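What follows is a pair of complexes built around chain A, which joins chain B in one and chain C in the other.
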Partner chain A sequence: MASSQPVKPPLAGQPAQAQRGSQAGLKYPSSGKTIYNRPLNRSRTQELSQASFAYLFGEMVSYAQKRVTGIQDLEKRLNVQGHPIGLKLLDLLLYREPTRSQTRPLNIIALLQFITTALWRHLFSRPADALEKSSNPETPDEYMISDNEPLVNQYISVPKEMNQLNCAAFVAGIVEGVCDGAGFPARVTAHSVGKGEEGELWPGKTVFLVKFQPEVVEREAYLGKS
Partner chain B sequence: MRRTKSAQLIEYRVVYALIIINKAGGLVYQRDFTEGLNKLSVNDYLVLAGTFHGVHAITTRLNPLQPPNEAPSGIEVLETEHFRLQCFQTLTGTKFLLFTEPFQPNTDKIVARIYELYADYVMKNPFYSLEMPIRSEGWERRLVREMRVLNSR
Partner chain C sequence: MSYYFAIIGTQDNPLFEYEFGTAKQGGDGVARFPEQARHMNQFIVHSSLDIVEEAQWAQGQMYFKCIDRFYNNYVSCFMTGGNVKFLLLHAPSQPAIANTSRASTSIAANPTSPQTEEAIKQFFTEVYENWVKTIMSPFYHVNMEVKSPVFRSRVAAAGKKYL
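And now, the complex of A and B:
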């Protein structure tokens, strides 16, 4: 239980903050009960309409597309949109874990497993399709999470002239937020690996490349020795 | 040339082609689903779309009875000896024209299914600009797959 303690203060502090900053345009229920007054587990099993998410995400992509100079810039913007979600989801999902496994992931494998199971289940109602470590000995800091059919890309067809783009950069941002929040700073990018062939089984297959900062790998090696 | 009845039924269940016309009468999508159909030039398809749009607009005014409560729908089905044309107009004025064999059953259901695919894979795609020609890989893939299933039944 001790590990869940740091989670609570910021959440308990939020209603006060929300009431203080009564900006124009933000409405609060007359009962004074905001979303922060609700139990955190209330929406645990609730689901969302995929169509409404698709429209929202479509608008997020169009918004990110405004005033960008290139595809990298666009992916960066989507990544930035996802990052704060990841930071918050880490806390929420750990809070919802059973009490004995409520500890923060302490090594890379535990963190990545938390991401591919708990985070993926929460976001997409299924675990990720694969988790691999880079086989290249020169890049021991790289891990790959594969998703055969990313939910965010379900209705999105990227035009030919932008084929480098993968809108799952938003999900990569969420993963990056979780890694950063857990104290494993990383850079996460989304890459399409579908070959665009006729009759391909998973044409939208996406690999999330998780590249940890050198100090994380160094610490991991040091911890592994003891 | 005589065919048995079952052979006839199999042979006649074919979806030939789909045309989508936007609310201004412009052609936004055209695709054939079977081999060996008569082809028109790109320009002719555009003319065909515009002409049909006009004829459809006229037919909505042809009702000899008192105007009913709901707005007249215009042409819904056009049948000839060799093909059947099912027209479905969405609430926003986009028209789906489906060319099939004259005996193809449930063409309205097929168009409804195509409309569903269109709503999902064209309208929810952030890279599609409204009223413009449809070049969407996901839509193309699912549409062709769906029609192939229908034609191979």
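And now, the complex of A and C:
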């Protein structure tokens, strides 16, 4: 019987694998599907389990808490964890915009509107609660995004001795990543504004302070004139 | 028509390069840059970055059409949200002036015609889709060179399909 079937029909995956084997050091998934085979829009309306996110985020905070010198250092680390996510989301969300509104943000207002609507909707399924410009004439480069109830802080209880800490610094990092990626370098920090009083409407209200670099404000003024 | 495609990062650093020829009108998909001019492509593309920087704040569209020209080399640009530039240098095999008498619609002969612009736009859009997939990889950091052979073959396929 063996002689009657001298050549076995090759398995579907074999020729491709032999060809790929020539590229040393690269491993491919056994299904032959790379990230390039996955459509970008398939998961756009899917949601993630909040319980698993809260668990993961709790681990991220305790990871960031290792070997830190203080609360500022901890917030800095959370910020750094969020930064690359912002850089990636900027292009993903622009790609998902309909073709005619697929434009890069050219001024601060367009950028902040993109953040409070498109980015917030993608991350938290709702727009941000408020977007304000600093009323202080000495700081025209500061903008504030408010979130009454940050999703990331829902299961975080901050100990009394660390009451300066706001773990939404992670979200601030994402916002900073979007600003930096779009060519508007900025520092973004998260601040709790709830007073901790009994019967307060939004005890966890957080303000994200976006402070743009001076060159951004300068360019904005120059572009506005022409 | 010969093409030279480059992806430039946010610090004017090259991330990806690819050279190909037209596959339309019986082209074989091989770039035919003259040997003594081939090394100039990188310089021409690099010098057009100044114009890109000027144009990027004038309009929010991602596709800038043809932004620069150096003798018979035309440079088209596409800018992603993350300030990464896709630059395509296209050089018609014979100078464009030779074709003014009869209005040829082939994209190989008219580097600035609406048909060519549209074809290049479709090429850029397809590359952009693959680019977003690349940067969504959690192991990709900003301004990292793209070495994936799959990405390269995807760019080659887009070039073959539209240009």
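In this text, the second predicted complex is superposed on the first by the 194 of 226 C-alpha atoms of A that agree within 3 Å, B and C clash if a C-alpha of one lies under 4 Å from a C-alpha of the other, contacts with A are read in each partner's own complex, and residues count from 1 in each chain.
The criterion applied here is as follows: a residue touches a chain if its C-beta (ideal position, glycine included) is under 8 Å from a C-beta of that chain, and two chains touch if they have at least 3 such contacts.
If you're wondering where the values come from, they're calculated on a predicted model, not measured in any experiment.
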{"item": "Partners on chain A (chain B, chain C) - clash or fit", "value": "fit"}
{"item": "Touched chain A residues, chain B compared with chain C", "value": "C"}
{"item": "Contacts of A:36 with chain B and chain C, given as first, second, both or neither", "value": "second"}
{"item": "Which superposed partner A:155 touches (first chain B, second chain C, both, neither)", "value": "first"}
{"item": "First (chain B), second (chain C), both or neither touched by A:94", "value": "second"}
{"item": "Which of chain B and chain C A:58 touches, first, second, both or neither", "value": "first"}
{"item": "Partner chain in contact with A:202 - chain B first, chain C second, else both or neither", "value": "neither"}
{"item": "Where chain B and chain C come nearest after superposition, their Cα distance in Å", "value": "24"}
{"item": "Intersection of the chain A residues that touch chain B with those that touch chain C", "value": "none"}
{"item": "Touching residues (chain side chain A, partner chain C) in the complex", "value": "23, 26, 34-36, 38, 40, 84, 87-88, 90-92, 94-95, 102-106, 110, 181-183, 219, 223"}
{"item": "For the chain C and chain A complex, residues of the former touching the latter", "value": "56-57, 59-62, 79-83, 128-137, 141-142, 148-151, 154"}
{"item": "Interfacial residue positions of chain B with respect to chain A in the complex", "value": "120-121, 124-127, 135-139, 141"}
{"item": "Chain B partner contacts - residues on chain A that touch it in the complex", "value": "51, 54-55, 57-59, 61-62, 65, 155-160, 162, 167, 203"}
